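Both complexes shown next keep chain A, but they swap its partner, so chain B is in the first and chain C is in the second.
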Partner chain A sequence: MLLELKEIEAGYGKKSVLFGLSMNVKEGQMMALVGPNGAGKTTTLRVIAGQIHPNRGSVLFRGKDISQMMPHLVAQNGVSLVPQGSRVFTSLTVYENLEMGGFQIKDSNEFRESLEGIYRLFPVLEERKSQWAGTLSGGEQQMLAIGRGLMSRPKLLLLDEPSTGLAPKVLHELMKTIVAVKEKMNTSILIVEQNVNEVLKVADEAYVMKLGRIVCYEQCAETLLYDDKLRKAYLS
Partner chain B sequence: MEYVLFILININMYIVLAVSLNLIMGYAGLISVSHAAFMGIGAYVTTILMVQFGWSFLLTLPAALLFAAVISAIIAVPSLRVKGDHYIVMSFGIQFILTSLLNNLNITNRAMGFAGIPKPSFFGFAFESNFALLFVSLGFMLVCVLFAARLAHAPFGLILKAIREDENATESLGKNVVFYKVAVFVIGCSLAALTGSFFASIVSFIDPFSFTLDESIFISTLAIIGGSGTIRGSIVGVPLLIAFPEILRFMQVPTTVAGPLRLIFYGLLIILFMRFRPQGIIKEY
Partner chain C sequence: MVLQIIVNGIVAGALYVLSGLSFGLIYTSTGVFHFANVAAYTIGGFVFFQMSVVWGLPFPLALAIGLAAASVLGILIEWICYKPLREQQASSLQIFLTSIGVTFVLQNIYLLIWRSDPRVVPVFESLLDGRQIGPVRVTHLQFVIIGVVAALWGILHLFMTRTRTGKAIRAFAADPDVAALMGIDTRRLRIIVFAIGSALIAAVAQLQIMDLGIDMTSGFDVVIIGTIAALLGGRWGITGIALVSLLIGIIENAGMIMLAVQWKYIILFGLVIILLYLRPKAIFGTKDR
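What follows is the complex of A and B.
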């Protein structure tokens, strides 16, 4: 198992958000995490990335407990979080943004390989490499945010609502690229997404979350689309 | 001639102050109004060691550097763990405490300060004339600016800008944000302290009024109007801002009017810049 969350209880200050959440992500898998607003999806990702330390429970990444680790060390261990709203560094160029993601790579050949891999996935980033990141379109910024997260060749990529602010057609293309990331870069993906229709079509497995708990686990993500369980989670 | 030399020396000093504050404020985005206090630390360490303990100027430099580095690290480690804009309020506090200490401690000679501080000497060679002192300040300025420029263009500078924009995102790329913030603060404050050392020895008189909150804010103004986030901005901006008000002296304006006029000039300049060119003289991007 690549990632195991066991009985996580976490929150902000005195306010609890997650109540005994447990979930697993396997190697080479694209796992979708869906659920209504306020379910605690983003909080779950922040717990995994080390930005919030859980009050109880453990986060095992490749067998090692990372639940109390500082965020930059979690990242150095191979977990990369792409935060919501494609937050690229707007005052740096596209290339500098990617450079920021790849500083951990000491070997310059390895760095170049990583960079070329990103450019193959997102050719538009190579065309615009010396442009300020703030001048990219919304979709391009999201690609840059994902590319930046991939530069360090993480074992696990955490994507928080990559659809935010994207046109439906752009989103469809982006989902296809995310699948390509999983296949070509040998990276497992945990994706949180509001656009359930798009994400369940491409994900392998899925968890449905509600009010800080997992309410449903489905081995074939797409079947959820034709299932009542999902609708119940959102509506009841 | 002496007058022109004095202005040029002043410009060199302020360039180092603006550049070092720019690393903290322009690059890392830590808005700080305590820069003059750290300049004061350097000035007093050098002065006390020279006047009361008879050290040579050169030997006091590492002492001033180390002293300022330790103090700034002690302040930085707890306060820079705080995210967001709280730091600006803390730096207010730092400035007030340090000014008050300089005004009230016996070792700093309270409000009287020190006069007759020996001029800088290197390996027994003393620089006495103002012309020689200009070269001392010029050399100091060039070394500091080259150092700051190297730092700014290394990955270090890039990481600082990333922190300024988004601490969480920088952290999730594997960077220890607190370490970088503390590092740039210590480096910037140490440079300010060194400037204080040179200032004390060149001017040969210091008192607490040279290192007040007003002075800190003036240094921030230099950095912002020059262009925050660019080293070049500080270098271009400082001479303009220091030299321009001196024109008043040649316009037969009485000194009682010239002082307030100078402040009005600065005030207007800040307002106009913020309205029409908030990025400063040299744009970052």
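What follows is the complex of A and C.
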């Protein structure tokens, strides 16, 4: 197992958000995590990335408990979070953003290879490399954020609503790209997405969460689309 | 006469540029309103004096020890004062007030050690010689000051735009949480920022102690004016800070603001507060935290 969350209880200060959440992600897998607003999806990803330390439970990444680790060390262990709302470094250029994504890479050849890989995935980033990231369109910023998150060649990529602000057609392309990342870069993916239709079609497996708990696990993500378990989670 | 005032103003202003860069670097990246830079200024100047004049160490060594003392002090203030507060989610105002408190504690310790008389580190005779350019007289030391300021400015600029660490500091300034997600150790960056910022302000003290001399209160003027320059001009980057600093230097030298000493600080502090109120996010065009 690549990632195992066991009985996680976490929150913000006194406010509890996750109540004994458990989930697994296997090597080479694209896992979808869906659920209504406020369910705690972002919080779950932040726990994995070390931005929030759980009050109880453990986060095992390749067998090692990373639940109390500082975020930069979690990143150095091979987990990369692309946060909700992209959050590129607006006062840095596109190229510099990618450089920061590859901050951990010490070898310059390795860095160049990584960079070329990203430019192949998102050619627009190469065209705009000297531009301030803040001047990119919303969709381009999203691509930059994903490219930046991939620069370090993570073992596990955490994507928090990558579709935000994208036109439906662009979104479809992006999902295809994400699948390509999984297959070509040997990166496992945990993706949170509001656009349930798109994501369940391409994900391998899926979790549905609600009010800080997993309410459903499905080994074939797509079947959820034809199931009323999903609708129930979103309703009421 | 007018030209002479402008030239003297530029020299004074050049030193405020460094002070503004020091404040701007620390404030933009760490979000700390680091008033205690005053204490780094004083220790930088007085340790230099102690090493050079009292203990007779070679000039470059004395300079280096002064800079190092300031850097270490800056790092200690970050570690002992700001870090614990930050970890308890203290507000920026609490951190600012702590910074002021630390300043007065340290300045009083310095007073016990060095007392309040002004100090000058004498330089080679030839540096005090001047050159007459038309109606204006510029001492060699003034040339040196302008040169050092320009060089430090250039080095800082190259550091921030060309090196990995410099870019990481800019990324950290733009979004500290996301910078950590890149695998950047942000605690290390803070320490680097405080070390560089403190050395910059100490360099101002060292240049001034060779030129006009400094005393225990000099740091307050320099830091507050640098802060004002950074807050006013920071929106236009380093160039903006430089222009405002030079302007303040010239105005001051022209004696256009003749203020009784007791009013000076009230007015300067008032200006800082008004500026912070008007544009807390203005420095370097990046986000405030």
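Assume the second predicted complex is superposed on the first by the 236 of 236 C-alpha atoms of A that agree within 3 Å, B and C clash if a C-alpha of one lies under 4 Å from a C-alpha of the other, contacts with A are read in each partner's own complex, and residues count from 1 in each chain.
The rule is simple: a residue touches a chain if its C-beta (ideal position, glycine included) is under 8 Å from a C-beta of that chain, and two chains touch if they have at least 3 such contacts.
Please read these numbers as outputs of a predicted model, since none were measured by experiment.
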item: Fit or clash between chain C and chain B when superposed on chain A; value: clash
item: Partner chain in contact with A:Ser114 - chain B first, chain C second, else both or neither; value: neither
item: Partner chain in contact with A:Gly101 - chain B first, chain C second, else both or neither; value: both
item: Chain B versus chain C as contact partner of A:Gln84, first or second or both or neither; value: neither
item: Partner chain in contact with A:Trp132 - chain B first, chain C second, else both or neither; value: first
item: First (chain B), second (chain C), both or neither touched by A:Ser163; value: neither
item: Contacts on chain A seen with chain B and repeated with chain C across the two complexes; value: 49, 51, 70-72, 75-76, 80-81, 83, 87, 89-92, 96, 99-101, 103-104, 148-149, 152
item: Complex contacts: residues of chain B adjacent to chain A; value: 155, 158-159, 161-162, 164-166, 168-177, 229, 284-285
item: Partner chain A, residues of chain C touching it in the complex; value: 164, 167-168, 170-171, 173-175, 177-186, 284-286
item: Complex contact set, residues of chain A against chain C; value: 49, 51, 70-72, 75-76, 80-81, 83, 87, 89-92, 96-97, 99-101, 103-104, 148-149, 152
item: Sites on chain A touched by chain B in the complex; value: 49, 51, 70-76, 80-83, 87, 89-92, 96, 99-101, 103-104, 132, 148-149, 152
